[in-house]
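The following blocks contain the structures, represented as structure tokens.
Paired with chain B in one complex and with chain C in the other, chain A is shared by the two complexes that follow.
What follows is the complex of A and B.
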């Protein structure tokens, strides 16, 4: 309803028409809401239910209530050490992504002029480069005859190829950083692009050093983006079971690979479900912490 | 002077970051043309034999078809329900709007593992046979938020008065949508559809749980890499890569159209 129509038609019919319009607009969301309800909400609720019943293994379930899936998952010392490994790997990945991505985003946003869009486009290309191909690509770099070993051999720094580069937790870390760095750069660059350039010039005009205008202007204004990038990388790395499977050694199991094994190998869905809900609990805490920093910054 | 030096330092750092992102992938492309079966160095000369073996292998051809089918159906479903949802959220003028918006973004905040096992449990419970169809369900849920974001960001930037004038002049809702809204948001919808296609084309984390005995292209590559036996992995990887690249260049074209 336009304002003019409302004034001529009088307030009451206008309000009614707006209400009707609201309802019809809401109707448009129905198909998508139905799909989300049936293929997201229902499965998650069923998974939650499963996490409280007894699993007999090999896909057999017994419909009696129990908390043991959760208590077992929390008590198991193996789980505990794998949980520490998973979350520290995820936090390390997110930190390195920011350490590599922040200066790069800064350079792209504030130092490049004509090449800025091209550089950002290249980052998008990298983001959309097949995830599996990017994982596999590290075989050609870290493998026994890979780029690094060949280079070291050519320089006569080593006689025999180094075997521990691939199939280790370091390979997993490098691949994770490679996969999530483009996300980080794009999130940070978009945060930096929204800083008005006058703000930086003014701070310099008022006598701030380059370092001061960075710590007083750029850093505070990009903190929400920084925190968001960290949280996103942290959550998606913790939930990744493909990278450890391809690049990790025998000791590189993560929580995600345990959940997968419970479902695919052992058929103990309740145990896997409980573990995955414990993971989601950690993610929820991370997301809530993120939204708190945002409120604190007044953004 | 020092600012100059600092800029050079940053430039080198950034160059390193780009090298880190691209060198491994470029190696794969290079070795896809290698004459011998070695995965890695030394490079023995150029040949197309691995591409020939990809196209003559029924495994690969089947997987390419499966991936195409899943991606196309996903795009069709997501584009239709996602467009309507984006219109609803951007044109709905009430407090429920933010809630609705967050609801549509939820799947993007959850790891694929979680979506995969949740769907798998339900499929087991309802005795649904796993197939390309069940895999498509997972892809729809996974890609919907991204399409929604692209479509609604365009809708937010265009003047609703254009629609209202059409309505005031007597056009029906459907005519307004067809003659006013759709032409304006079409480039964004195409960009969104391309994003959905390349996400679906590439998905492994959810597909692993929901597809059953069939293989999409990424799943086939996953099993080949695990066996580390097939030198045509480089060639098929390069093809997969070229596919997403073509799509992303397409997206760029449409995004530029949107901005101009």
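What follows is the complex of A and C.
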């Protein structure tokens, strides 16, 4: 047998193995792709289509192309003021979660080497309680007869209960941070755990200070995690209308509640769909903007 | 009372409806489906399915797929006993707002999946136009004969449910929506405008209910109309009124159930639009001092009725339940449980004095005709008037302010 023939004969099983691997991967991925395609992509595409047709209300549609669902949503002054309220609160929540979550994740990952898993478990434990229960729990903390007011009265620091603790945008902010901080910590801790410890040791061996190691090694390598955590919190807070409704007091309306009104109250899916896609557009812009931060200062 | 509004003109003509059904049917499966669509359209004015006449059908082992407010499934004796005796399973799904019903039976996949639901009087014309309720066979609900005349066909309230000789729903409960208040903390407010006083600053809540707020706003400003035909200028005045109220309020209350919690916990001392049932929600939290009052300006009034949605499965089970719901015992239980008014005189005698005193049973006709008549939902209105969507938009602007 010639050398060339040997090479060809040897490659054939390799090619077959590669093909088999590809088929296996495809087979394994098919269920997930089907679920994503049928349960997510198809409805989203249908919603996108609906956003460009005429809604007559109460579920009745007219199949003629229009951009008015988008232009009406953008022109509505109520939508604009609520959008500012919704997105500014979401950005503030995401920023606070990052500011609180980053040092906590750093401490858990790099300082609690043995107790790391226990600490992460404790972070996850807070998610075991139902979302609504946790929201109502804030009544017992921030309410007129809640823990804070009772403590302040006991200490003779106030005569009458402070009313603005509950039913205000601050109450919503506190509840949002409480709900999303564990997710932020998990995302950031995951990003930090992927940093090889040798990198940190090498940077110290090469004379970097602890601060320099942090800014030149840890921070750049965790930027994707930071972006993901910020985007995750921003998107989910923007879409939440239960927390503002229960804790927001007079400022309880959000863009999501307006979307709900369009779909449920008016039966105007095209208007609701257009507003939803405008929100998605904002999410995309925010994500891209936050992602660009890594371009600065060597991040 | 202003003349009862005519049913709004049908948005889709019958021909258009058939055309749309035809296109859809051809798209999904061809001629058999088209024939089915046509036949269901043509039989839309006949009573909902089930056995004919007043014969008793075998409903053992069947299910009531219920879609409406919590409590309207009357989860207490004697209905619980009736369900057990007849081996009927109640599968309730509860709504948060009346709009959930509209959405469920127009776009939300409810058609053909539920056999029992309800609608409030004012929604009747729109629902009939949208084909949501089926025409009912009155012979299958003989107990409805026990109701006050005002709720029967030809009665002031009954006219909302019997249109052109077709019975679309059976009214089983009604009530008024004024102000709930914490009787331990304050005297009953006599006017909605009392809530604008400094004494109420940051001490009361406004319920997130665009219909009741519009009606109460109209009452407060002396411009109430039972036909709900308001001009844009009048709606603007109502909006301004609620913006003023909101400035003095502590919060927008997301639901009536939540109002019970807030009153019981002392976070607020009053809430409007109210609902007598909030008294029992608060009592469930251990506070028996939450009361309901109707201020001097008037109150939003509601009357809810059981309907069997079009294309409902096991309609006989729904008929049997509805018939049972009009027994005096079930009516008294419902009125007590929901703190609402019943529609059967015999049931009134079974109520405890406190529950009985909540509603003027001796003068129902006067109340529902002139004092607090049922109001229309302005789904479609003549030119120059605002419609329901305008009401909701106006309410959204109050919430956004």
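Operating definition for what follows: the second predicted complex is superposed on the first by the 232 of 299 C-alpha atoms of A that agree within 3 Å, B and C clash if a C-alpha of one lies under 4 Å from a C-alpha of the other, contacts with A are read in each partner's own complex, and residues count from 1 in each chain.
Everything below uses one rule, namely that a residue touches a chain if its C-beta (ideal position, glycine included) is under 8 Å from a C-beta of that chain, and two chains touch if they have at least 3 such contacts.
Model, not experiment: these values are computed from the prediction.
S.K.: With the two structures laid over each other on chain A, which partner does A:263 touch: chain B (first), chain C (second), both, or neither?
M.R.: It touches chain B and chain C both.
S.K.: Is A:253 in contact with chain B, with chain C, with both, or with neither (first, second, both, neither)?
M.R.: second
S.K.: In the overlaid three-chain picture, which partner chain does A:132 touch, first (chain B) or second (chain C), both, or neither?
M.R.: first
S.K.: Comparing chain C with chain B, which touches more residues belonging to chain A?
M.R.: Counted on chain A, the partner with more touching residues turns out to be B.
S.K.: With both complexes overlaid on chain A, does A:145 touch chain B (first), chain C (second), both or neither?
M.R.: both
S.K.: May I ask you to decide whether A:167 touches chain B, chain C, both, or neither, giving the answer as first, second, both or neither?
M.R.: The second partner, chain C, only.
S.K.: Using the superposition on chain A described above, determine whether A:59 touches chain B (first), chain C (second), both, or neither.
M.R.: Both partners, chain B and chain C.
S.K.: Looking at A:124 after the superposition, I want to know if it touches chain B, chain C, both of them or none. Which is it: first, second, both, neither?
M.R.: first
S.K.: Pick one for A:78: touches chain B only (first), chain C only (second), both, or neither.
M.R.: second
S.K.: Give one of first, second, both or neither to describe whether A:245 is in contact with chain B, with chain C, with both, or with none.
M.R.: both
S.K.: Common interface residues of chain A with chain B and chain C?
M.R.: 59, 139, 143-145, 245-246, 263-264, 269
S.K.: Under the touch definition given earlier, write down the residues of chain A that touch chain C in their complex.
M.R.: The contact residues of chain A facing chain C are 56-60, 78, 81-82, 139, 143-145, 163, 166-167, 245-246, 248-250, 252-253, 258, 261, 263-267, 269.
S.K.: Mind pulling up the chain B residues that touch chain A in the complex?
M.R.: Those residues of chain B that touch chain A are 3, 6-7, 10-11, 13-14, 17-18, 20-25, 27-28, 31, 38-42, 77, 80-82, 84-85, 87-89, 91-94, 96, 100, 103-104, 106-107, 109-115, 117-122, 124-125, 137-138, 140-141, 144, 148, 161, 164-165, 168, 173, 198, 201-202, 204-205, 208-209, 218, 221-222, 225-226, 228, 233, 237, 240-241, 244-245, 247-248, 252.
S.K.: Note which residues of chain A are touching chain B in the complex, please.
M.R.: 1-2, 5, 18, 22, 24-29, 31-33, 35-36, 39-40, 42-44, 46-47, 50, 59, 100-101, 103-104, 106-108, 111, 119, 121-126, 128-141, 143-147, 150, 177-178, 181-182, 185, 210, 235-236, 238-242, 245-246, 256, 259-260, 263-264, 269, 272-273, 276, 279-280, 283, 287
S.K.: Per the contact definition, I'd like the list of chain C residues that touch chain A in the complex.
M.R.: It comes out as residues 11-12, 97, 99-100, 102-103, 106-107, 126, 130, 202, 208, 210, 246, 249-252, 254, 258, 261, 265-267, 379, 389, 392-393, 396-397, 399-400.
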